[in-house]
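First up is the structure itself, then whatever we jot down about it.
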Amino acid sequence: MKLTVLYFAWVRERIGLPRETIETDAATVADLVEELRGREPRYELAFADLSALRVAVDQELADFDAPVRDVTEIAFFPPMTGG
Amino acid sequence: MAVRVQQEDFDFGAEADAFAEGRADAGAVVTFTGLVRDRPDGGLREMEIEHYPAMTERAIAAIEAEAVSRWNLVDSLILHRYGRLRPGARIMMVATAAPHRADAFAAAEFLMDYLKSRAPFWKKEVTDAGAEWVAAQAEDEAALGRW
Amino acid sequence: MAVRVQQEDFDFGAEADAFAEGRADAGAVVTFTGLVRDRPDGGLREMEIEHYPAMTERAIAAIEAEAVSRWNLVDSLILHRYGRLRPGARIMMVATAAPHRADAFAAAEFLMDYLKSRAPFWKKEVTDAGAEWVAAQAEDEAALGRW
Amino acid sequence: MKLTVLYFAWVRERIGLPRETIETDAATVADLVEELRGREPRYELAFADLSALRVAVDQELADFDAPVRDVTEIAFFPPMTGG
């Protein structure tokens, strides 16, 4: 399954790119995170503390146990600071 | 009801005026404007606001729809900028119009609390010493609990 | 800090803009504008606002001083009209500027609650059927209890 | 003792004038109200229900038991409805 994965704010900076396409068989967002962590130290650093991260699945805020099946876009970012 | 997300500056006075103009059905108009606050030492060079374009407008529209379902509003406006802003620059505004002031105030505060913590914007402060992402405040997350 | 009581209309947008302009010390600006609300049947011809000139400005200034003592504000503005106003016309506005939005919102609501019930203004609605003084609402008096 | 007495809103309309100068020996606002009530039916009507009235003594909100000594201006009006 092909997914677009986006990174924002310091997650983007730590990983060093704003988006990438990933081929994965992950069942949940948490599985995908595990996969990414195993890739390279910069991913391990970005995903070191999940409590400091938020995730959106197809542009809706979601939990880390959300299923990845039939999803086209997943975004990782720190807690929002708008307004 | 309107949502705008833009890089360009906006004319707060003109927006506020157009929003409030001749609302014989409203009675109460509340606006909130967020400005780039300098650091206490005056050392802020600029604030960079990053956002998630594909998600931003729909996230804000969902927040607005929630406000409309909770309070008796005749109109609302949400405007948020992104990009690089100087101290004192306008970041965003919300406006609410209602028959009664309690609804206009509550809806504006609700919109602000949710925009702060649930709309995909991130702020970075740039000073001479470097750049730092603004950390989310526990009190901002806590503020959601009152609604 | 400014208080103005006047018969003439005011330019809400220009006032709001001048108030918010370049406040690198503030971060949060809240405005409230009260408009003449028409009756549900659309039958309001005009609203007459009477006031007690010798008392008005000092009563408002006392309310403003109380707000300044309670919240961390960098500025506030209170503007109230009197005389004969059409439906949709601007009656009054308050504006507050603060480093944090919670202070700006709370102070603006406090000012409104007190202006409503403690500043010497009285509204009269004129319809084709005659004229009637607007009765004070129990909820307006009750609103003071929260401060 | 000479006092300026002001009336606003429907109090003014019932009494039929916005202000007048009154010579009185009243000790408190309530005493003054009693005196006014005794004058003419229009005063009796205006002051029929004190709970519907507010009073300002020298431009400050006051109670009906406030002393009148050394006061120059007393105003009667219904509850305010500004904002």
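Each chain gets a letter, A, B, C and D, in the order it is written, and its residues are counted from 1.
Quick note on the criterion: a residue touches a chain if its C-beta (ideal position, glycine included) is under 8 Å from a C-beta of that chain, and two chains touch if they have at least 3 such contacts.
For clarity, every value in this text was computed on a predicted model and none was experimentally measured.
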Query - Chains touching both chain B and chain C, listed by label - result: none
Query raised in the report: What whole-Å value do you get for the distance between chain C and chain D if each is reduced to the mean of its CA atoms?
Result: 26
Query raised in the report: Per the centroid of Cα atoms for each chain, what is the distance between chain A and chain D, given in Å?
Result: 72
Report summary line: Note: chain D sits from chain B at a C-alpha centroid distance in Å of 48
Query raised in the report: Hey, what residues on chain D touch two or more of the other chains?
Result: 83
Query raised in the report: Which residue numbers or ranges of chain B touch two or more of the other chains?
Result: 34, 101, 112
Requested in this report: Answer with line, ring, star, complete or other to describe the graph linking chains that touch.
Outcome: line
**Report entry** Full enumeration of touching chain pairs
**Finding:** A-B, B-C, C-D
Report task. Note which residues of chain B are touching chain A in the complex, please. Result -> 34, 49-52, 54-55, 58-59, 80, 91-92, 112, 115-124, 133-136, 140-141
Report task. Enumerate the contact residues on chain C facing chain B in the complex. Result -> 11-18, 20-38, 44, 87-88, 90, 99, 101-102, 104-105, 108-109, 112, 143
Report summary line: chain A residues touching chain B in their complex are 6, 8-10, 12, 56, 59-61, 73, 75, 77-83
